[in-house]
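Beneath this line is the structure, given in structure tokens, with notes to follow.
Order of writing sets the labels: A, B, C, D and E. Residues in every chain begin at 1.
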């Protein structure tokens, strides 16, 4: 049976180490596999490694036992040297995956089916970094001159960007970028019996325009779509042939505020530097209204910029500020900004679910407490440079945590912006104490102690209100009623778990 | 004639250079491709390194110079987004756009000329007025909305025609065609109508106006006075003269079909160069954008040239004087 | 009497070549059209000098050169003693004011979007003169009513429009009026009105006319002196009566013979041969020789120079 | 002699407009016999072309014939429509327009235009049609007709083009030709050639010709009889010599007199005051009375008489008996 | 002669208005029902757009006055949460669709008019210069026009939008969008004006009244403006009308491509773009009403333009 699958964008490449990007990885996960997989439930599951453990005498060394009898699509055996090759490839300069596994110092094959990974310091979370590091065949890569990850400036395209030789459940039949990718089941798949494997073939078509995508589902031209516009859920539900599967997504949406001394877009004192003002703005956001109207219930109001499954999460942190407009106004008055002020909100319009509409709603909510907000909604290619270039005072950002650990959030969003840390901190927020702790938890092997530190850090971070959390996105997949899909918090489709009726 | 072609080609090269220059000076405003090319976990150092590698830290004049140098050797670089040679991608996508443009162009031409003649000959008739008004409805709504409405009616509600894509295509020597399969033909219908409707209206109105002018000419009266049949007068005498001015504008219109294809392709997920361009803009895929703009220019210029040559073929007066028509 | 207008060896060439690249590739020479070829003439003050000739013979071009609308290629153009080709700019501007023009098509020579008042006053208004009441006065002078000043040209008939044109020409008090076929678009009954008006005005205001026409009877009626043009060249020039009584040039004779006459009922004569040749490639020698019954070998090779036969100046090898 | 080739009886053409119904042709009657040239003169807008167009059935809407009849060799044709009318046009009636440049389709060779006309009307093979086309061109005096047949109109000079137009009008051998100002756009020397050609063809073929012009000289030279039109009506109709030398209608007389003529030697021209009235502002009574120096109360009150009501020559209540008096 | 004069004078000289009413154009208008209906529709729409602040029950551009909870209220029915009722319903932000249409039409019309004005000014000026001066001026202008045509309108607009975003200070970006739209549409539209004006200028230039004006010493620019310009305006008017409809549609199309009016101050096009997302979800009114308004507006303008073209063309009367 064939699964006709559509979503808004196509994979950019088939080279597993060239792009760390959702749709790209989602497609490749059908054909290639990592050592450790995150299953639809969000748990780590053995994939190409059957077992892994940290060396009792050296916390820097991890040993992975590899699955035996695994074959690549071309028939070659999967061995330790492929793992060494793949991980080293992922660590090369042109690889986009090197950031995820930057803690890896070296990889060695210690047997045909065993590898040792040495980290730069103790890294209790190494396995959690591996689910997107996919394995390819060393000999195949060498034979096809595709040892290096593609370098766009280098001029030539690489073989790996168009071809796949993985160990995954499906193998590539044909691919036209942006048009159609066809896959068929791989006969020699090691897990053929262990997974549902409801479909023998997959036809993957990107359909950019949401209306067209929906039309394709309604008219029966596709079986399964991702990126379902929230407003269309109701109609899908009411259609007896269709159904929705949803789950909270590993992505939290929030606003960032410039807490520096001056505004980028505007003159005079920066009102946002005052925590009370930020607090007032946080109170002014009516998360319930956004949830009910803009998101049509397809979101979970957030009080902290951390998805619920992440290590460090607790319900209490997620409480949203009470008070509403009146309290917010009072607070603003108290802070000396009773007359309001003007600020620009930068917002993407093609990145998150209803991103523009949320920002628009926020403009209205801010207006109610006297803050005039100019909305600048634009494509992501123009939005994100503003955030990273510290050129925005008030911006929207969404954050997913592939490692499922708070460290990731602190690292990127709260640490003072430096070369390696605070990369996505567009707020100018700098808390030396917090920075210290961020570095400390990275090396902390005692998990209980580490969790305690994380809780403390969240306390500090939350009280400073640098970010205004909005909601956790809810993921919706729509499909024909016959499709048995297991929804995945990372929006990562793994067809091998699908059943077909 | 030869002189004329040489002059046109020289102009075309100038046009291309200017087009390229203008385009390049604009690219930096579309956004920063590097943001898209690196994942969430990248560091500032990665960003800087990539920008330098891509030459994006250079002033656009330098970037343009480099582009020209490479383009002169037929090398348009690699797409930032897909990591494949831009020329391959364009070659792969072009058949889809050209087939769509050809069908809608044909539709627009045949419909436009046919209805144009009809409305001109039956100027005061009810049928002509109905056609005129209906055709205006077609241009009074934005193309994307018409496309979406067509999808809604014919795919979702009636389920007659596919809502997206090209259907099955057959590859013949590097050219993929949807003309040879039933699903390919079916898939063509809605996009072609969407794309052709607007042009058809324009051509129809143009033909009508020109035809009405021509029907007033002395030689038409004289043809009547000689007792020629209405058909001979309308088609042999009037139509041919109507076509002379219609050709230029129609030529330009057909050129702009390729430009309008951007919207139609986006709506119908038609895998042509227009969709490619829109994706390229979103991703700030500069090599693709540059090559696309150049390609569009070349096509426009080419169409212009063909149109002008057609002029020579149709109008004997030009053949003799060799004077440039049109402009 | 002195010559108010004096032309000496006036020549005007129009460049009608194809664009440069075509010439290079098709190996064509530069093509020029000699619209006026070595024309010399003098117009006396307060006289009517008529230029006749068939279409394309260069009549209008001469008029426009004198009016300063077209520059001369070669030769001298003197108006009131001022050389308008190379003379002093201030003086040229001065004599220009003394010169006005009336055009052939009364429909095209009035701006349809302007009121008659503004049209008539324009020559004065442009130079910043006082225009109050001017248009009304002139309208009366040309036989229309002052109330017409507020109307637009389309409310008038052809003859009335031509009167408006005349009024405009008179506005700046000119000495010379160049009349380029002023009546050829009018019906006979209206033509006579306009011609009479012109004659009257000439007498009243002491005007000098350069009268361009292809209609021999009109010329005969109006002119004091007549020049006959053929392919840009002045082939014959004489006082009116002299010319009509004894045309010397075979072309002039042909024109007289071919002109339809009111008394020539059922006339059966052989019509003249041929048509005017292509002005871009005129025949060598005497331009008229291909059609001329008197043509000899000499005519084919040698351009005749003007000679005087009595009062008549003629460019023909054989005229006598 | 039987019926005249063309016989127009009390023809009225009307144009409904927003300012009422205009009558550009109002009660016109005349005959043309085979081999005869009838000259039609009059000022611009007098209704000359309208009459000609009515005869050949080419009135542009909204103009239409509202009464009167047109007989072609005795057969009424004014009620014919569509196909029947088309068969007559070109075959039995030909027409020549003023401007030879615009009368020919610039995109077709003259040969094409000739053969299509011949094939349309005569039952001949294409090859024969071509032969006839060559013969037609030859007859109108186009040198090297066989070679020129493939030429486009713009390759001919003005005079030659008018010859081609004449060949086109005559190639299906019609009995009647309406020539609407065939020489107005031409130079005198060429005009003389064209007039001579028309006369020759008329005589040789016995064609009836209606020659519309406003040049009295051309009429005098070419026409047998002349019809003078004024404001849609016939003012005078008679043999050309009589009308020119001894006009009976004051308008005709004025027209003749206002033509400059050196032989009369006057310094001032005789002029008819005013201009022809516009059709939407026709005066009550005789249309000419505001310009007429002989107008009597009767002229101001009663419309001018028709020709037949008078002596058949001048439509005037007080025709000039003694032409010398007027001209003096 | 005097009688004739009298005849002319007896026709009284009516006032300007009466004359306009009596003109051929007005007559043809009064006899074209389609034109009259279209004119009425345009008039009503334009007036209601102009008077939007007074007619509209809400101010949709004031974010502070919006209640998000009003979102998606169907036309004429009370909202489930707030119990408020809106004639044409509300959109996803809780804006009253009726008010938003009125205000949006203001923007669309403003963009349309200004863009056409811009195109007209550029096109007419360049067309006049090219036609009157000829020579290299003409060559350069017409080549620039060719280059302009090489860039399809949509691309021009997208690129201009990009640049403007890059160079306008962020504080002005909100208003900028409108001006960029105007600039983009205007710049891609001037060529047809230039071509037509150039053609008409060539014709007018050869008329004798231009010669007469030269003769009396008028400067070329003065001739172009005072003499030629008024005479080439007829075709310009026709093109302008049709361009106006096109510009309004173009604005909608651009906003579909994401380069249109900002969502906080939506134009008709932006409304349609937003509304088309709700086509399958049952909130049909968000798309339908703006789309109908746009259709009515553009269609009427087009029909008027069509009528005008025929009415102003004396050869077609």
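Quick note on the criterion: a residue touches a chain if its C-beta (ideal position, glycine included) is under 8 Å from a C-beta of that chain, and two chains touch if they have at least 3 such contacts.
Please read these numbers as outputs of a predicted model, since none were measured by experiment.
Enquirer: Strictly by the touch rule at the top, which chains does subunit A share as contacts with subunit B?
Expert: Where subunit A and subunit B share a partner, that partner set is E.
Enquirer: So which has more C-beta pairs touching, B-E or B-C?
Expert: B-E
Enquirer: Taking the mean of the C-alpha atoms as each chain's centre, how many Å separate subunit A from subunit C?
Expert: 88
Enquirer: Please work out the Cα centroid separation of subunit B and subunit D, and write it as a whole number of Å.
Expert: Each chain's C-alpha centroid was found; their separation is 53 Å.
Enquirer: As a quick test, compute the distance in whole Å between the mean CA positions of subunit C and subunit E.
Expert: Their C-alpha centroids are separated by 49 Å.
Enquirer: Find every residue in subunit C that makes contact with two or more other chains and list them.
Expert: In subunit C, 193 touch at least two other chains.
Enquirer: Any chance you could list the residues of subunit D touching two or more other chains?
Expert: If we look for residues of subunit D contacting two or more partner chains, we find 273, 275.
Enquirer: List, in ascending order, every residue of subunit A touching at least 2 other chains.
Expert: Answer for subunit A, listing residues that touch two or more other chains: 211, 215, 218, 350, 379, 382.
Enquirer: Under the definition above, what is the set of subunit C residues touching subunit D in their complex?
Expert: Where subunit C meets subunit D, its residues are 54-55, 157-160, 187-193, 195-196, 199, 214, 216-218, 220-222, 244, 254-255, 257-268, 270-272, 274-276.
Enquirer: Could you list, by residue number, the parts of subunit B that touch subunit A in their complex?
Expert: Those residues of subunit B that touch subunit A are 30-33, 35-47, 49, 53-55, 75, 77-85, 88-89, 92, 148, 151-152, 155-156, 159, 162-166, 266-269, 271, 275-276, 278-279, 281-284.
Enquirer: Can you list the subunit E residues touching subunit B in their complex?
Expert: 34, 142-143, 146-147, 149-155, 158-159, 162-167, 245-246, 249, 252-253, 256-257, 269, 272, 276, 279-280, 291, 294-295, 297-299, 302-303, 306, 309, 313, 315-316
Enquirer: Please name which positions on subunit E make contact with subunit A in the complex.
Expert: By the definition above, subunit E touches subunit A via 62-66, 68-69, 71-72, 81, 92-94, 165, 169-171, 173-174, 258, 262-264, 276-283.
Enquirer: Within their complex, state which residues of subunit A touch subunit B.
Expert: Counting only subunit A, the residues touching subunit B are 12-13, 15, 18-21, 93, 96-97, 99-100, 102, 150-158, 161-162, 176-180, 205-209, 211-213, 215-216, 218-221, 350, 379-382, 384-385, 388, 400, 412, 419-420, 423-424.
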